[in-house]
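Presented sequentially are two complexes of subunit A, the first with subunit B as partner and the second with subunit C.
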Partner chain A sequence: MKETDLHFFIDSTLNYFDEVTREKAQTGIPYIKSQDPVVLDYTGIIGISGKRKGSVYITASQDMLINLAQLILNQSSVSNEDVKDLIGEIANTISGNVRQAYGSDFMISVPVVVEGHAKDIRMPDDVQAFVIPITWRSFQSFLVVCLE
Partner chain B sequence: MDKLMDNLTEQFIGTAKDLNLSTEYLIGLLGQVDIGLFFLNRQGIISGQYSASLPQILEEENLPDRPFLDILDGRIPDKALRETREYLDLMLDREHDEKTIDELNPLKAIEVFSKNESGLWSNVKNLCIAFRRYNMEDTNIALVGLIRDHTASVELAKKLEEFEKWSRKQMQWMISLLHIDIPLLKEFVAVIEYELGRIDLIIKSTQKGAEYTAIIPRLVRSAYQINSSAVILNLDFFTRETFLFKNEINELKNLAEPSGHDFVPIVMRLGNMHSMLKEIKDLMKHIKGLDHSLRTTRRFDGGLIIRLVENLINHLTETTGKKIILKYHDFDYLGIPFKYRQIVKEFIIALTRFVIEFGIESAEKRKSLNVNPFATIEIASELSNNIYTIRFRHDGNLIRIERILQQAVNENYKGTDNAPVNDESIHPGSEVLRLFLNPDITMLENRGTSEGIEIMNDFEIVKKKLKIHGGRIKVTFTSESFCEYTITFPVIGQSEPPAQNSQ
Partner chain C sequence: MAQPVKLMIVDDSSIIRKLIQNYLNEYHIEIVGEAGDGKSAVELFRVLRPDLVTMDIVMPEMDGLSVIDEIRKIDPNVKIMVVTALSDKSTGIEAMKRGAKSYVVKPFTPDKLKNAFVKLLQ
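Moving on to the complex of A and B:
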């Protein structure tokens, strides 16, 4: 994976928060994912294939997604389905940007949503995965990128 | 008329029988072929008859009467799908020569993905899909399609190519590693592993923007240690990476308020070094006897320190344009009590760096001063009166003592808390030594190199370790030409040196 790839995913995610919420999110220092799981309450996963293979997932806490959904939907109460849709939408947005940036030689899968605090999201052993911490308001989420 | 009808009926029945036989024959034939054989009509829809292996190759069950492009939709890149549509349109147009437009077939070698019930990609196949015109007048069969599954051979070719590339790299690395003595290699791996782990921990635990600037010096220190360790062992393939890593961290220092984004190059480089270290460790497993040689013989240890110093001198002279001759005929490493060898090694290496960086002029400068363009570094050792002495001297004049002392006076230098200036127990030369060895000295920091600062930090550590071992250090000037550093240790068995003489 190249430096430009990581920059692209970071910018893509920050732009989402900026455009949808009009509130800036901050990224922390990216780090190499170790064996420790990086999973919160909800996770949206997309697969990338074609010229280069890999996967990307965004994982966030329920509180953050509820806050985000309330802001976007302009409602004080949101359902579990709304929360699941939201994490899927974030992953979808990232995948749409990937498709746009990397061109139609890449295959992007439909986002898969994992509900609940999964034990871990396994990435391929032979490709390094990078974790990008993202803070929006006071909530922390993680974007994990694993690309050849 | 009746006879004609009978004849026609007979012919019809005969033809129908032949047709049935032909159909059965066709079905039987299609059941035997391993490749995917199918037929498309002018609308690009798959006919009801196709080879038995087609569903398995395409991983699709319901094929009859489905548009061929629908089967590929979502399973190949959008660009390939678009090009396939254009290609089939051309194939169905008789005005275009079939052989010519065959070049435009994007499905000659294509990856086709399959999904499971959850929508996750479960499988990928390398297929070769070709089309031939059959009967353009026939609305049922306009094109014949052939699919071959090349997944196994493509995977094999890919693995072979990757293996060849990997083997070449491993051979180059192995040749570099075999030139290194095993204890040094083990020490190198331990140092790199420790420093990389340290950097990982620092980065992971620093997620508040306000702390970013504060961690940079710690990253600089680790980067310096990693680079120094690789340089000493002359591991070119590793030093290239560590050099870039060091530079990228140094660039962060120039930023007033670094953000998470700014650390991306460093993190990527860190990833590369982790991968390289893993490969080095894998290679070491192949070096015979490595795991059994936990402690080497004294004879084997003998030339290690000199080889390290030679490697270091070669590297530093390349980068600084200086020329140096190393003399060590009076240096007996094996005579050093075992417990002091590590500190002696660290002292000599730190001093070599210091002297080359700050003490010795370039060859051109020396020539202009009418001295030998080749500077001399001499290392010697002796044992007498139960004291073991290491002498390190050089004939550089880049930093003259008078200038240092004058500058210190001008800057109202007062010494440091742990090295009182007026302590009578400090023997002659220690004032100068403190000036050389104290990282607070602004004149050296003003030289503007982080390398210089790290060398001073190394000295500070060596000085503290010397104190722990009961060693002493002094600087003397044997002549106008030579500056000599001496460290002394009590021989094993002797009690701790008197407190008033410690330095």
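Moving on to the complex of A and C:
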């Protein structure tokens, strides 16, 4: 992966929060994922195939997703199904939007959602995964990008 | 008073289906059905015969482009608004070639969706 790849994902992530919430999110300095797990309460995973291969996931706390879902739906309460659906949709939107840069050969899967603290999300062993910290309001989440 | 526009919403995300419904609620529409995958969308379309369909592309069972092909065989006059995260031009062009009349890239604001909807009805 090149630095420009990370920029595409950072731009896509910032645009998501900007458009959906009308509030700016911030991204921290990306780092190479170590053996340590990067998993919060809910994780939305997208498989990538075609010209590039790998996977992308976003993981977030329940509190963040509840706040986000309440804001998006303009409702004071949201269901667990809404929260699970939302993390998948964020992963789908961030990954789908980078096709503006990569083109239609950058194929994305439907999202897979993991609820709860899995040990870790398995990534290809032979490809470096990069972690992009995201802060929205006071909540922290992580986007993990692993592309050949 | 004219008949409401019969709308079917196709998206594998329930949040997106709710959002589309919320944003378009102010118009003279009747939501006749929702589908969360491509295959169900075709089956529902055959029964419900909506005037307008909002169509996601990346979905389980059958992708949105294939669904467009199938439902236009049933009703070539149906109006289709694609609502997708896929932001590349070639997918937009492909959707239009297959008969979509409008292409909205997620994430969308209320205004973005409403403007596309109003233009589609004109």
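Following the convention adopted for this analysis, the second predicted complex is superposed on the first by the 147 of 148 C-alpha atoms of A that agree within 3 Å, B and C clash if a C-alpha of one lies under 4 Å from a C-alpha of the other, contacts with A are read in each partner's own complex, and residues count from 1 in each chain.
Keep this in mind: a residue touches a chain if its C-beta (ideal position, glycine included) is under 8 Å from a C-beta of that chain, and two chains touch if they have at least 3 such contacts.
It should be emphasised that the depicted structure is a prediction, and the values quoted were computed from it without experimental measurement.
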{"item": "Superposition on subunit A - do subunit B and subunit C clash or fit", "value": "fit"}
{"item": "Contacts of A:Y57 with subunit B and subunit C, given as first, second, both or neither", "value": "neither"}
{"item": "Degrees between the directions from subunit A toward subunit B and toward subunit C, using C-alpha centres, nearest 10", "value": "130"}
{"item": "Which superposed partner A:N15 touches (first subunit B, second subunit C, both, neither)", "value": "second"}
{"item": "Partner chain in contact with A:Q100 - subunit B first, subunit C second, else both or neither", "value": "second"}
{"item": "Partner chain(s) touched by A:F142 [first = subunit B, second = subunit C, both, neither]", "value": "neither"}
{"item": "Contacts of A:V110 with subunit B and subunit C, given as first, second, both or neither", "value": "both"}
{"item": "Partner chain in contact with A:D85 - subunit B first, subunit C second, else both or neither", "value": "second"}
{"item": "Partner chain in contact with A:I72 - subunit B first, subunit C second, else both or neither", "value": "second"}
{"item": "Partner chain in contact with A:Y42 - subunit B first, subunit C second, else both or neither", "value": "neither"}
{"item": "Subunit B and subunit C, minimum CA distance [Å, superposed model]", "value": "6"}
{"item": "Residues of subunit A at both interfaces, subunit B in one complex, subunit C in the other", "value": "103-104, 106, 109-110"}
{"item": "Subunit B residues touching subunit A - in the complex, by the definition given at the top", "value": "76-80, 82, 111, 113, 115, 118-121, 124, 200, 203-204, 206-207, 209, 212, 259-261, 263-265, 267-268, 270-271, 274-275"}
{"item": "Residues of subunit A that touch subunit C when the two form their complex", "value": "15-16, 19-20, 69, 72-74, 81-82, 85-86, 88-89, 92-100, 102-104, 106, 108-110"}
{"item": "In the complex with subunit A, residue positions of subunit C that touch it", "value": "12-16, 18-19, 22, 58-60, 84-88, 90-91, 94, 105-109"}
{"item": "Interfacial residue positions of subunit A with respect to subunit B in the complex", "value": "1-3, 6-7, 10, 26-32, 34, 47, 49-50, 103-107, 109-110, 112, 128, 130, 132-133, 135, 140"}
